[in-house]
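Shared between the two complexes below is chain A, which pairs with chain B and chain C, respectively.
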Partner chain A sequence: MPTSTYDLIASNVLGSSAASVTFSSISGSYRDLVIVITGGVTSRTGQYMTLNSDTTDANYSWVRATGTGAATQSGSSTADRSISEIIENAANNLVIIQIMDYSATNKHKSSLIRSNNASPNGVEMRALRWASTNAITSINLEAVGTTWLSGTSFYLYGIVS
Partner chain B sequence: MPIPLGILAVAGAGAAALSSDYELIQTSNVGNTSTLNITGLGTYTQYKHLQIRMVARSSRSSSTTDFVRLAFNNDSTTRDHLLSGSGASVTSSTNNLAGLRVCFVPAASSTANAFAVAVIDILDFNNSNKNTTIKSFSGLSTATNSINLISGFWNNTAAITALNFEMDNGSFVSGSRFSLYGIK
Partner chain C sequence: MTKVSEVTVGSGGAASIEFTNIPQTGKDLLILVSAREVDTHSSDFGVYFGINSNIGGNTRALLGTGSAASSANNSSFLWSYSGNPGSGVTLNTFGNISAYIANYANSGTKSMSIDAVGENNATAAEQAIVAAQPTNTAAITSLAVWTNNLNFVQHSTASLYIVS
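Let's turn to the complex of A and B:
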């Protein structure tokens, strides 16, 4: 018998600019998590996703491919928590983060991230791995050295399996 | 101020519909096997689309990478287009392999405990008036980086009744899983 699933766990629509947003006390009731961000940042200095307050950059790695409208690029890092290269200082951004098997304790946590900035920076796809077998219980989304714009929205969904 | 009943009814109906429009059909936890066959999909006529959420790793020895193929109804005559980022460059390729390349995965020589992940959308799977197309978004961040957007095509108008996943070289290791969802 099919099971209804895809639940909103928490949301935060910023009434004023904020340096970071945290989803905490995430239960292990779901299999995957999805985060949807719409809005932007005050200045384009990068955005971090920090899991379980682990700020050790060496525990995070990623690979990305980006299209700017004029060219394609690919990059990678083995010590960085960044979720996107294209989130801009305007409210033209959409980011969807898929965190798979977030509560599993037998594997590292891998995420798929799609970033969209219709003007001026383009599109990006990224895979990010947190080299930890701990279950994820908190997620911090930080505008590095700047702030998320007022009105930026953050939605956290859980998917059952 | 009272809420007009008409609006309330519409809002309520909308909320109820949304909460049941994305449903789990099954999850398969696999290990020590090179194939996974999901059958009986012809009974799910209430859905328009399918989504697979996959986490996988290969046992392929002496290698850092492998890939998962997808065929339909035991017919692997498919064609795919791949947009891929390696960390150094972006490439595009096409293939007429026996099955769609839906996800590149880490293998035995890759980083321990690292798995690749994919979200695969299969559109209008019950429709018998058009060929079937899919989209796969997949990636792994290891020494063998790979981030991919894949378009797949099955040159057949038959309704899909079975999904046939196969690891190209090795087997799925324990911890690999496939969750199948139906979308109305």
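Let's turn to the complex of A and C:
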């Protein structure tokens, strides 16, 4: 069975609540990136992923499918940086973001995002596109209008080419 | 990511595959399962996960069959919903399950992200994405997958990886 090799590039475990976390000066020497977030937010008002400080929402689009445990949902946007609808004010959230071919300069950047909140909100899968051919060198993860809880952890991995 | 161990079920089958004495040196765990069970049901089932020998937990799932989508929840068991076909499906087809467990070496609430897909060489095969939260909050030193009923068949496999 093949094994992908993850290299830990950077991490941030919050000692106190924070509005956002930024990974900067990301090397272009890996194939893909993976971000693992465990923890939660102070209130459920949404979270943004901003790439290379590009806050122009029109440059981001996404489509999602969600299972709440009782119903299915689907949605999309052509101008929004949101990464999840289900991250909650609790410590039991797990979000895994995969960003493919992040250092390419000849394509838009696509990411797959899995959000997990086994109780009460459910599970979500999301595809998010950043309409830019720039290599990704920084990633900001923002709790919109609120804060990430103290103890929330952010790990950035590079998948070796 | 480092492989800790890999188990292949032998000719007699096995009701479970268990990893014990998991090193406490990593941050997260990834378990990959290729499974099929002896049970005669004609569709796809899931597997139970045992965290420190405890299968209790909450799950919420999004399911797709190829023609319909649905959602389900379970407040009793850590359950993959899919990825483990029975002997009633096409011979030699196995399901696949990937489960990621964060912060396994710490005590406290843990979350799991599970992908599971069955196989039947047919127009429909169930797939599931699952959010799971184990009841057991101790640091994870053992991890098991149990079949839905009876045994996993020969050649079923499970591999455990540590993400550091």
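Simple rule for what comes next: the second predicted complex is superposed on the first by the 157 of 161 C-alpha atoms of A that agree within 3 Å, B and C clash if a C-alpha of one lies under 4 Å from a C-alpha of the other, contacts with A are read in each partner's own complex, and residues count from 1 in each chain.
Please note the rule applied: contacts are C-beta pairs under 8 Å (C-beta built on N, C-alpha and C of every residue); 3 or more make two chains touch, one makes a residue touch a chain.
Since the structure is predicted, the reported quantities are computational estimates derived from the model, not experimental observations.
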{"item": "Superposed partners chain B and chain C on chain A - clash or fit", "value": "clash"}
{"item": "Partner chain in contact with A:117 - chain B first, chain C second, else both or neither", "value": "second"}
{"item": "Partner chain(s) touched by A:101 [first = chain B, second = chain C, both, neither]", "value": "first"}
{"item": "Touching partner for A:68 - first (chain B), second (chain C), both, neither", "value": "second"}
{"item": "Touching partner for A:79 - first (chain B), second (chain C), both, neither", "value": "neither"}
{"item": "Chain B versus chain C as contact partner of A:127, first or second or both or neither", "value": "first"}
{"item": "First, second, both or neither for A:6, with chain B first and chain C second", "value": "both"}
{"item": "Touched partner set for A:38, first chain B, second chain C, both or neither", "value": "second"}
{"item": "Touching partner for A:19 - first (chain B), second (chain C), both, neither", "value": "neither"}
{"item": "Contact residues common to both interfaces of chain A (with chain B and with chain C)", "value": "3-6, 65-67, 72, 114, 125"}
{"item": "In the complex, chain A residues that touch chain C", "value": "1, 3-6, 8, 36, 38, 65-72, 90-94, 96, 114-119, 121-125, 153, 155, 157"}
{"item": "Contacting residues of chain B [partner chain A, same complex]", "value": "19-20, 22-25, 27, 44, 53, 55, 83-90, 111, 113-119, 137-142, 145-147, 149, 174-175, 177, 179, 181-182"}
{"item": "Residues of chain A defined as touching chain B within the complex", "value": "2-6, 31-32, 61-67, 72-76, 98, 100-101, 104, 106-108, 110-112, 114, 125-129, 131, 133, 159-161"}
{"item": "Chain A-touching residues of chain C, taken from the complex the two chains share", "value": "1, 3, 6, 27-28, 32, 57-63, 69-73, 75, 100, 102-103, 108-113, 129-133, 157, 159, 161, 163-164"}
